[in-house]
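Notes for the one structure printed next.
Here the chain labels run A, B, C, D and E in written order, and each chain numbers its own residues starting at 1.
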Amino acid sequence: MSVAYPVVFSALLFSVGVYGVLARRNAILVLMSVELMLNAVNLNLVAFDVWLRDALHGGQVLTLFTIVVAAAEVGLGLAIVLLLYRNRSNIDVDRQDTLREPEQEAR
Amino acid sequence: MNVIQEIDYAAVAPVLIVAVAAVALLLAGAFELGRKWLGWLTALALSAGLIAVFTLIPGEVRRTFCVPETLRGDGLESCSYVVDQFTLLFQGVVLAAAVVVVLMSLSDLEAADIPAGEYYFLLLCAVTGALALVAARDLVLLFVSLETLSLPVFAMVALKRYDGRATEAAVKLFLVSVVSAAVLLFGVSLVYGTAGAMHFDRIAAASVEGPLEAVLTAGIVMVVVGFAFKVAAVPFHFWAPDVYQGAPVPVAAFLSVVSKAGGFAGIALVVALAFPEQDHVWGPLLAVLAAVTMTVGNVMALRQTQAVRLLAWSSVAQSGYMLAPLSVGAGHIGQGIAATAGYLAFYAVMNLGAFAVVRGVAAASEENLLADYTGLVRRNPLSGLLLAFFLICLAGLPPGVMGLIAKVLVFKAVVTGPVLWLAAVMAVNVVIGLYYYLVWAVRLFAPGTGRLLPSGLPYKLALGVTGAGAVVLSVVPQLLLQAVFPTG
Amino acid sequence: MTTPEIVFTALGVVAVGSGVLVVTTKQLVHAALWLVVSFGALAGMYLVLTAEFVAWVQVLIYVGAIVVLLLFGIMLTRAPIGPSEGLNSGNRTPALAVALGTAAVLVTLLVRGFKDARIDLDPGGGSGDALGEAIFREWVLPFEVLSVLLLAALVGAIVLSKGGNLPGRNGKGR
Amino acid sequence: MSTLVHLLWLPLAAAVLPYLVPAGTRLDPVGFGRVASGFILAMSLVQVAAFDYAEPERMQQPMDVAWIPSIGVRFHLGVDGISLPLVVLTTLLTFLCFVYLGRHETPNARLLTALLFVLEVGMIGTFLALDLVLFFVFFEIVLIPMYAIIAVWGGERRRHAAYKFILYTLLGSAALLAGLLLLGVNAGTFDMVALSERQGFDIARGVQIAAFAFIGFGLAVKAPMWPLHTWLPDAHTEAPTVGSVLLAGVLLKMGTYGLVRIAVPALPEGAEFWAPWLGCLAVVGIIYGSLACLAQTDLKRLIAYSSIGHMGFVLLGIATLTATGLNAALFGNIAHGLITGLLFFLAGSIKERYGTGDLAEIGGGMLARAPRLAGVLTFAAVASLGLPGLAGFWGEMLALVGAYRPGAGLPRETFVTYMAVAAVGAVLTAAYFLRLLAKITHGRSGAGSAVADAHPVEWASWVPLIVLVVLVGLWPKVLLALTDGPVRALIGAGS
Amino acid sequence: MTVLAAQAVVLPFLGAVFGLLLGPWLTRILVAGGVRTAEDTPPAPPTEARGVEEHVEAVPGVPGEPVPQEGRAAPAGLPGGGSRGALGPVLFAVLPTALTTVLTLVIALAVWRNPGTRTATLAEVRTGGPSILVGLSVDGLAALLAVLVGVVALAVQVYSVAYMRDEPRYSSYAAFVSLFTSAMLLVVFARDLMVLYVGWEIMGICSYFLVGHHWEDKANSRAAVKAFLVTRVGDAGLLLGVIVLGLGAGSFDIATVLDEVGGMPHTTVVVAALLLLCGVAGKSAQFPLHTWLPDAMAGPTPISALIHAATMVAAGVYLVARLYGVFLTAPVALAVLGVVAAVSMVGAALAALAQRDLKRVLAYSTISQLAIMAAGLAVGSEPAAMFHLVTHGAFKALLFLSAGCVIHAVGSNLLADMGGLRKAMPVTFVCMTIGYAALAGLPPVAGFFSKDAVIEHAQNVAFNDGALGVLPGGGTSIPAWTAWTVYLSLLLTTALTAAYALRAWLMTFFGPERAAHEAPAAMRWPIIVLAGASAVIGFFGLAAEELRPHFGAAAMALLFTAAGAGAMLLAWRDAPASDPADRLKKVRPLLENAFYMDGLYDRVIVRPVKWTGRMVRGADTRVVDGAVEATVPAARGLGALARLPQTGNPQTYLTGLLAGAVFLVLAVVALT
């Protein structure tokens, strides 16, 4: 099988994730999109590992680690999102802009 | 045949100490130990780590977690964790900076109603990540420890749980960080796919040719971008001012020094060890990033009215200076890394010092506007004078000789490389930088009224440590630089 | 096209297609479900690539844990269950541009780079044995660091969540 | 241990000391400053006495210890015939500033005293340093004190002027740093003695050109060279008298000194490449400064623009890359320091008496209202316009001599043109100074309150300068004998 | 010998310095010792003999204080000042000058007895290029000039004691005269061109100070500035010329330069000579740099006598003589000098014809006479030129000092206010008559011999088609037309000189009588001495073959003199009370304004320069500094631009991040 298949799908999936991250306003949807991006990477890593026949299995191991990291991220991320919901009563990413550059500049 | 890699426990001692301390602290927190005690214990643990780093200094380069001989194949040792000059310097900077952050936190937590046990635990976890990061010599460990450095910080930023702005800051940091991590990982996957290895020495040894070269190039850029977020290089800097402003001041200080140190270590490690052959890729890339970063950081800092935001933008600009020496290409990257490391160490001292005073003012007036600093020298002479000194150091002008020598390091490295134009850009930026630092410093001396700063042992200690460091290093910069440039 | 390629392509189309639905659907819960589909397809692709252990972990953790977690999140934030217009931000045009740019650049690069490389799909390389051995013989340190990470994430998530029980401190957003 | 180090720690100690006296003790900071700066002046005169005039080109009283060995920076000091006069000029002017300050109660005198001493450290250090980085550190030390002097004790627009001063000169400094390091890195040493001995033989031409561009730009801002001069008029106009005196008297010299000491000997090919441009800008500066002076309406601004013209001659001297030209530059440095120092003292006294620096408001007839003040002003103006027999002449004349036969490899015709244009500039210089004198010293004194004539304290700060201007003017050998040897050594081959 | 010369140079200098510094102090000492003002006690002795400076200090800036008019007594009410009250300065002024005069006489005598050049060097100043030899050189030419300088200076100093009796700033006046004397002697004795230049410029600044002595009047101030600036223009050329010569010869030593000049490239020599001519034209007030001299008459009359008639202005001619070898090597320069001289002599003589101010008449006459010397040099006759220089120095100093007496008596400079004074001022009349005779070149007074020598040489050269062959210059020659121009101009000038001299003489001393008093003794004696000298020194010329008058040329010149004088006499006889120059009708304004050269310069040079100055000032603020100041809004603008994506919206940040990443990947991949 050609390596081009997995990598192309990976690239597409990554792009879809990019779109989701940038276009979705609900924080949980953004999180999902990030997961898509991470999964795209995983596909790459697995494909390369298999292709390279890596004795150290660096690709697949990193895939596993990435999955764990992703889980951790989602866990912590959801905690933050919930906190946000408690404090702001909404989880719209694009409305979190009280911290911003002040209109007035110095002098 | 060993099932598990051989481990040199001495080499990983700093990481181990901090990690064990983290767990211990978590347990201690469960026993309702006073928050003050937790803080001092954390500082103690970090100091222990620092001592471990110091005991490692005289020794040989230690390598551990190497690829077992059975799997080694073509013979490269490929150790994941290496204790060398670079590692020790960065670990030292990280630990020392963390100690100061803890000192700053000691009086801060109560006011902000932050759960101390968890806070210090998270801090220690992040430090663990940073310590592992700077010693990492393969992409897997690099990524994992980078995430270990990042994740706890998200929580730390959000720990002012009833402050929507802190949460907002955490959201921003989290989103940007996670997306950057994805980009970084994609880059790692491309590098892995083209070079066929995760270890730096093997990546460097791999010969990538033909159409794969472009893929590797893309991978390198994405890896660098992933770390560039960490150091708040433009255009990956947007989060920095907002997050610094929303987070508790000690966390902002942590972000601006420890996280940043991790980012720079990462960039330096990958470009120098993994991609020495591809310096035509990352050299110009880093040069452009450095130029844009320092310029944007400075012109933005010009317009600030809020102290922490100003420090945030100034730290963006300072990142530009620190990126610059890394752009010199593989031929001089040793000097470049030394310059960046030296600058970072100096920067840590002066920036933490400034943050220490800023934290004091933040306790007195929450908005923390520059206007609140008017007349500080008359109210709190020591704090005011030291802040002025730190600011002048950051500007890089005598009497802040330390800052000046830092600039000398960077310029010296830059002029060795093929990026002379960067020196000119830096020259202009140094001028812009001086303006806002100076305006701030002058404000301290102007007549004005305001509230007195809180005092207290931790505050004095934080100020004392950074102030003494700045003064001593201004007279004898060699004390620090001998660690940076081993051979002279 | 060989058989594995056909299967792989089919799975890939499913994965990407449901991914697209994740980022475009107007119903939050649907998005989570489409995510399950996408992750499932990905697990299938791992299987085609002989990475069986990774595939099962994928199903276990992603489909089993992460998606559930996300659904909890959706519920806890009292999101509307039906279709809702407010799921997309005003940033769609730039988003599309960046996404298409990313796709164009990456696909071009990767196709040009890997069109001649072929994978021999010999099973065994992705078994649990092989990976377990690799992790414990070679990737011990990242594994250990990862445990710190997980612990930190756990504690962080807990500490951030538990504050809600404290009375009278319902900070109204600043 | 070299005795030179006393010239550095003494002022530093003098800067700190007023702050260490126990509270309650009454200390007149200016009085203390007078004593201390007098002592430092005496120390520098000891250097003059101890100097071996047989070998002015040898670095005497050397001190060379490691400072930052990691990057090869040494604490290397030394004095030769080039730096000795500048050091004495520095200590003298500082002392005279303190003398002058004694006339009035100065607000915040303790701070001013401390700043002046820090300034003195920087100035002396710049002239003594023999290590590129050390030179740069001292070069930078002067910025903050001078900024503060302008910003605290300055005129109405002092903030603007102070920021402009420090930002503009820092731009120069930053470029200078880049250039110095480029030079040092490529030569493999920061040692200025070694650099000038090696004459840059092993540095590639392209690098030399780039390094000279950076260093030249940096120092040209300080000098200041047209068109990088615009910080100067503002700074001078707003600075208090002592600030203007030291700024014009010493700080500007640091730029030209650096060119002579570092850029020209260490980067001969770079210098050769840039010399025609440097000369061109210098000449433009001469003409431009003079023309601008013709239209000035403010006394201090006029003197400031005259500095641009005069430093143009100094730069022209350097651009010729000949021993004569460099002698001219060094002579011009000292002469300009003495004369312009005097002029700014006078401008301060006039401004203080009339309450304005505006020429029209001052009106005429100063010779009638305050004849001695006007007399000294006339003297200073005449000295400044380059009258032979006074200090100002020799530097200008030698610069012209140098330009007539520039160094090997330089376009002769171009430089001869520069010479001719510069000569025209000399005429214009005379024109604006005489216009100034005619405007304020001549004529009938308008209605106005009586003006006090020179005060003994003022005399005390002027007379040494007057005497030196005459002495150096009548007997140029006192300086040329010092500089000629080292200059020949710097330019190589003893021409 | 050179030691004597050095003393001669240094003495007046010391006199100047100490006179300025210690004069008042000495006065106090002397007064305390009971010495009263020695010479010529004026009718009203000072009530209190205090130092000038003190006095000024005592009455600072009395508004609208009337300024003492030239030569007139200070207004009553002003406490004693001037030389009356400044015994110390007087001593410091007169004694060193007197000693110097004696020294110059001794030197001259010694050189006469034992001709030859004596040089000595005090120090060699290494400059990196040719060294400067600080030293003196004494030869016949120098000794001769030195005597002239010494005598005239002494005469002027003595004269001034009386003339400036009521001048409050006598001490600075006297000091500058002394300084001038010193500088002039330095020029005369200098062995090195740079040293010469030093003296040359110091003379210039003394001239500036002395012309502007009465600075209360803005006109005087302007005249002083003009005098200095116009000569400075020339001096800039001179300095360049000196540099060209010095570097060409490898030394600034005059003797070396003259030795080397033959071996230098011709162009270099020509350029150098022409540049030197700039200085000559400036200092000696030759066309086109002559305009300062008439205005310089604003200075006190003794100054006009000393500086602007006898000595400083002659320095230009002296310089040419000193470096004559250079000019002979570059005959082009000689030709230029000839043309310049021709224009100057005729133009100035015409202008002198129409002046209303006696001193301006004399000033234009000086220009004209200096041009005659220059003409002498242009036609290759250095001795004749020098001869005329000396005689002119004597008779022009005489004329000015006498004029000072007249002005002193009449209280006005204007010829119209004079007339009929020959009875009232017999001594002045006689002396001045001798002076005018010398000016007009009537035998047997000095002017005749010297002018005739010049005319004869010009005639010879013109007849020889410009060849200077008979002269030490060897085979050099100037263009024939130049020689002819010079020659004819000389003749024309002779006629004009006679005419304006006669006019001035007539208008001063003839016509309706008026009452006046003779000048005081201290003023009388110097002019008597100078009159004597003017009468006799012409005969010294007879000692040298080339200076001896020959009948043909002398007769020709006398014929022209007679014509000029006759015409003037005719014009005057019709109306003795009126100004004969009125007969010129419409031409008069043209001549009176010296062909409007001042206006021309004002329009072509002064105003454009001032305009440029204003433009530069404006451009400096708006363009050069404007660019600098614009960096501030530029930086702020850049900040405003960089602020745009800083919206606070995390999605914007992510967009920036990802777009940046894609862009970087694309750019780097595309570029590598």
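We take it that a contact is a pair of C-beta atoms (placed from the backbone, for glycine too) under 8 Å apart; a residue touches a chain by one contact, two chains touch by 3 or more.
Because the structure is a prediction, the values reported are computed rather than measured.
Engineer: Would you mind naming the chains that touch chain B and likewise touch chain D?
Structural biologist: Of all the chains present, those in contact with both chain B and chain D are E.
Engineer: Just grab the chain with the largest centre-to-centre distance to chain D, centres being mean Cα coordinates.
Structural biologist: Centre of mass proxy via C-alpha means gives C as farthest from chain D.
Engineer: Sort the chain pairs by how many C-beta pairs are in contact and tell me the top one.
Structural biologist: By contact count, the leading interface is A-C.
Engineer: Using each chain's Cα centroid, which is most distant from the centroid of chain E?
Structural biologist: Relative to chain E, the chain whose C-alpha centre sits farthest away is C.
Engineer: In terms of Cα-based centroids, which chain occupies the most central position?
Structural biologist: Answer for the innermost chain: D.
Engineer: Nearest whole angstrom, what separates the Cα centre of chain A from the Cα centre of chain B?
Structural biologist: Chain centres of chain A and chain B, defined by C-alpha means, are spaced 24 Å apart.
Engineer: For chain A versus chain C, what separation do you get between their C-alpha means, in angstrom?
Structural biologist: Computed from C-alpha means, the inter-chain centre distance equals 8 Å.
Engineer: What whole-number Å value describes the gap between the mean CA coordinates of chain B and chain E?
Structural biologist: Roughly 77 Å separates the two chain centres.
Engineer: Measuring centre to centre with CA averages, how many angstrom lie between chain D and chain E?
Structural biologist: 35
Engineer: Among the residues of chain E, which ones contact at least 2 other chains?
Structural biologist: Answer for chain E, listing residues that touch two or more other chains: 636, 639-640, 643, 646, 648, 650-652, 654-655, 658-659, 665, 669.
Engineer: Scan chain D for residues touching two or more other chains and write them down.
Structural biologist: Those would be 168.
Engineer: Counting only residues that touch at least 2 other chains, which ones in chain A make the list?
Structural biologist: 3, 7, 10, 14, 17-18, 21-22, 25, 47, 49, 51, 56, 58, 61, 65, 69, 72-73, 76, 79-81, 83, 87-88, 93-94, 96-101, 105
Engineer: Pairwise, which chains touch?
Structural biologist: Touching chain pairs, listed by label, come out as A-B, A-C, A-E, B-C, B-D, B-E, C-E, D-E.
Engineer: For the complex, give me every residue of chain B touching chain C.
Structural biologist: Per the touch definition, chain B meets chain C at residues 2-5, 7, 12, 19, 22-23, 26, 65, 67-68, 71, 80-81, 115, 118, 121-122, 125-126, 128-129, 132, 140-141, 144-145, 147-148, 151-152, 154-155, 158-159, 161-165, 193-194, 211-212, 214-215, 218.
Engineer: Under the definition above, what is the set of chain B residues touching chain D in their complex?
Structural biologist: Of all residues in chain B, those touching chain D are 392, 397-399, 401, 404-405, 407-409, 411-412, 414-416, 420, 423-424, 426-428, 430-431, 434-435, 438, 442, 477-478, 481-482, 484-485, 488.
Engineer: Under the stated contact criterion, what part of chain D meets chain E in this complex?
Structural biologist: 164, 168, 226-227, 229-231, 288, 291-296, 322-328, 364-365, 367-372, 375, 382, 387-389, 393, 397-398, 400-402, 404-405, 419-420, 423-424, 426-428, 430-432, 434-435, 438, 441-448, 450-451, 453, 476-477, 480-481, 484, 487-488, 495
Engineer: Which bits of chain A are touching chain E when the two form their complex?
Structural biologist: 18, 21-22, 25, 93-101, 105
Engineer: Name, in rising order, each residue of chain A that touches chain B in their complex.
Structural biologist: Within the complex, chain A contacts chain B at residues 3, 7, 10, 14, 17, 21, 27, 30, 34, 37-38, 40-41, 44-45, 47-49, 51-52, 54-56, 58-59, 61-62, 65-66, 69, 72-73, 76-77, 79-81, 83-84, 87-88, 93, 96-102, 104-106.
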